[in-house]
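Below are two complexes that have chain A in common, paired first with chain B and then with chain C.
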Partner chain A sequence: MEERWYRSASGARIALRRRQHSASCRELAVRCPRLRLRSLSATTSAAWLAAYGLFVLTENSMVLSAAIIITLVGLIVYLHFVKIDQESLLVIGSLGIQVTSSYASGKESTTFIEMSQVKDVVINEAIHMQKVIYYLCILLQDPGDPQGLSEVVPLFQSSKPRLDCLIEVYKSCQEILEQRKTVPQSS
Partner chain B sequence: ENSPSPLPERAIYGFALFLGSWFGFMLYLIWAYVPETWLFSLGLTYWPQKYWAVALPVYLLVAIGIGYILLFGINMMSTAPLNSTDTVTDNYAKKQQQKKFQEEAIPALRDIPISEVNRMFFLPEK
Partner chain C sequence: MVLKVFFPSCCASAESGILIGRWISEQNSAVILAVVHFPFIPVQVKQYLSEVQRVTKVSVSVLGSWSNSKQEKEESLSEFLEDLGTIFSHEPWIQISKEGDSKFWSCSTLPKNSNNPKEEEIILVYYDQRKVMLSHLHPPLDTAASTDHKAEDASKLSAIFDTVAKSKILFMTDRYDDGPIKLTHWQSDGVEASIIVELMKQASVPACMLLTFLLSLVSGVCRSWVLKFWPLSFLWSKLSTCEQLGHRLQHLQVISSNKKAQNQTQLMRKANIFVSLLIDVALGMLLMSWLYRKNRIGHLADTLIPVADHVAEELQDLLQWLMGAPAGLKMNRALDQVLGRFFLYHIHLWISYIHLMSPFIEMILWYVGLSACLGLTVALCILSDIIALLTFHIYCFYVYGARLYCLKIYGLSSLWRLFRGKKWNVLRQRVDSCSYDLDQLFIGTLLFTILLFLLPTTALYYLVFTLLRLLVVIVQGLIHLLVDLIDSLPFYSVILRLCRSYRLAAGVKFRVLEQQDRKPLRLLMQINPLSYGSVVQTYRLPTYSCYPKDSWTSLCKKLFLGELIYPWKHKGEKQD
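This part shows the complex of A and B:
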């Protein structure tokens, strides 16, 4: 079990945790920075000050209650649907790859990709919002054409690690994927 | 053939355009500034409303300003999303033919698949 600190594409500190469960099974987890108290209180104060300003202008007290409800509901929606706490990748050599995202509210969403569908795990670079970023992605095999590629599944979308972290994850994945070629698959 | 050098015909076209644009500008100024009653007394009663002398330039400038933002937006919309195969390959790369490898010759130009590129960059050869 090993944990190292890196930076994300936007400059925030992220932690990469590597666990080797067995010779052909590895788990790589990237932990994003937690929600900071100062940014939360700054947003809430700004929203409530704006609502108070509106109340002073319109003399309607519904504005204040609406602001409180919107802030609470917005915070809950943000924590449950938007703020990702940890993204992890579990690579099991003969079985497949499992991608898990855990949100700040505790919700976890997982996707499992069978090993026969996985063509390769690569670091791709693409244009994203006026920047060129490196991101890790799983290339899925096209069932008709052995050289073809049917889909690209990007990984670590919200933590967006930089190239140094991605190279570590890439090397770990490739060590397991290489075993596919030497060990014949039993269908 | 097509060369950008000056020619007598081009000089004539240029001068005709110059005169035409000055004439158009003078006409626009007359339309915008000469009072309606003077134009009526000359017999020109069916010219467009003077409102358009101000409205059309404003329309044009606002359209140019929106055009900047629109072009930016169209660029952003046409960028392939991160999960599309267009970031990795395209029709030309899929249909390319492999040339035979010749000894001591520079290898032919081709689109190298991304797996190979990654292995070369990120996996150090021992």
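This part shows the complex of A and C:
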């Protein structure tokens, strides 16, 4: 198992962890920067100051309790649905590719794509806001047309690693994907 | 190629024996269903397997051997197990052995043919047999639509799920049975059953028959009465309560039918309808108990008449305002007075009618409130109908205003064409030029001027009453939206997703367990449940839903021209 540090498209530090479980099974995990206490306190203080200002204007204490409840609910929603801690890719040759996103609250959302549906794993370019970024994606086979594509599944969407990290991941994936092309000939 | 062995986690502590299951050669994977223990007679095992194969149509065979030794590995045992491979010939013969309490098993295969000595990699995938058997795999929604390439493209996972699900009969024998074969699987410690479920199954047959009989009576009565009298049938079609009752009747017919559900979809639909009806009736009973306590019906009836009076007074004020100089606009006095007085008289008639009905209101409400026990949806539909009846005068005003305005617009457009020397050709459905006589032109221009200067007055009345009508329509629409929601939401599926999430599977997820060098790769296969959004989308019940008939542009066009609008269209209604 090895861990290396890279930078994401927005400049934050991310860590890539590679594990080789067996000859045909590899796990690649990208860890995003954690939620900082500074930004959390800043947002909460700003919200509560605004609520206090409103309270002074309107003399209604409901504003304060509403602000507390909104802040708490907003924090829980943010941790459970928005903040992604780690995105990982598990490639099992001859079974498939599994993409997992773990959220800050512990929730994990997983998708498993069978190997017969995977056409290839490629690095693409895209225009995101004002930048051009590189992203890794899985190309899914169209069952009707062997040359066609049915879907493109982008990976590492919230951590957005830069090209150097993507190249490492790409190389690891391709090593396993190549096995499925060479093996049927030998058996 | 890599060999994949799907091993049930319940057999991990089983005694030594042979493995039976299904070999899927296209995917080079073996799905192990059970372990047969020593002692056994090979002929009996083969007989049993062929019988199972005949019943379940799954090609079950002996796949390999399993040895669970508490002490050190014995040489003689391994030779014995290899010899078994020659009795039950299967290519490849899988040998799994576990030593003591070690988590890491050794797995090997006897080579397929002698000219392939290369050792292939083995992946051991553990799966929870009971959950995989009960689960239903849902294909992604877009691929479910395309039915070609189904057979060959059937995903590998669905083959595994199918195998386990169809082999239910294999799991019916437990270790307390006195058969020649001793198996270990998820139910081998004793077949589970629930007394309540069995009793309900027995009781459901006569209950269904009784319900079918009652329903046929009710629907017979409905059909005979409704078609006879014209006013009654017209009323029936206009009241949304009757439509909702008819819808629920249909649902009851679906539940009480004697045919067993063919596949998963039908079973889920029946269950969803049943639970939806149950929840509806429960909420209706709750509402009823709340309404009839502390004489709330009396209070409601007492406030109804003052509210109707208040609405009528507000309308009268509005008309007085229109008859004066509304928003600073100057109306044509004569037309204004005529229209205003006409509508005021109409309101006066309506108020007298309401006052005539007032002594009976409480009794009517009391009996109508009893029908809330049929369900909350019925109560909401009754509410919507009451609103429609109470605001009937607004509807009438809207119709008068719209017709007047529509006539005016048509007249204006036709006279405008005359002004320019053109005519609408009905035969050719287009505008043609036409030469008019002088007196035709004179009278036409005169009429055009009159209509044009009277337009603001009529347009204002039309605008005001259309807005009021739209308000009522929006309120009714919201109530119907709520009724639709209760009707179509698949409660049973959502509760199933909440409590037994493994039953509705979107796919699987793998977890890599602890590894050891030179031992096969160990994975745990778990069921990935369907998301709530997909559950609702897949199992939605169809309704007679009201959806807007027109797009925004056509609606605006109709409003501008003064055509009557019926914004909500019910499925099954004929086009106007």
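Going forward, the second predicted complex is superposed on the first by the 184 of 187 C-alpha atoms of A that agree within 3 Å, B and C clash if a C-alpha of one lies under 4 Å from a C-alpha of the other, contacts with A are read in each partner's own complex, and residues count from 1 in each chain.
Methods note: a residue touches a chain if its C-beta (ideal position, glycine included) is under 8 Å from a C-beta of that chain, and two chains touch if they have at least 3 such contacts.
Everything quoted here is computed from the prediction, not taken from an experiment.
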Exercise for the section: Based on the superposed arrangement, let me know which partner A:T44 touches: chain B (first), chain C (second), both, or neither? Expected result: neither
Practice task
Mind working out whether A:G144 is in touch with chain B, chain C, both or neither, as first, second, both or neither?
Solution key: second
Exercise for the section: Based on the superposed arrangement, let me know which partner A:S105 touches: chain B (first), chain C (second), both, or neither? Expected result: neither
Handout entry: Touching partner for A:T71 - first (chain B), second (chain C), both, neither
Key = neither
Practice task
State whether A:G93 touches chain B only (first), chain C only (second), both chains, or neither.
Solution key: second
Exercise for the section: Check whether A:I123 is in contact with chain B, with chain C, with both or with neither, and answer first, second, both or neither. Expected result: first
Practice task
Based on the superposed arrangement, let me know which partner A:V153 touches: chain B (first), chain C (second), both, or neither?
Solution key: first
Completion exercise
Touching chain B in the complex, chain A uses residues 119-120, 122-124, 126-129, 135, 137, 139, 148-154, 157, 167, 170-171, 174
Completion exercise
Counting only contacts in the complex, chain B reaches chain A at residues 76, 79-80, 82-85, 87-89, 94, 114-115, 118-119, 122-123
Problem - Residues of chain A defined as touching chain C within the complex - result: 21-25, 27, 90, 92-95, 98, 100, 110-112, 114, 116-117, 143-144, 183-184, 186-187
Problem - Residues on chain C engaged by chain A in the complex (per definition of touch) - result: 1-2, 4, 28, 116, 118, 120-121, 123, 125, 143, 146, 148-149, 153, 155-157, 507-510, 512, 515, 521, 523, 528
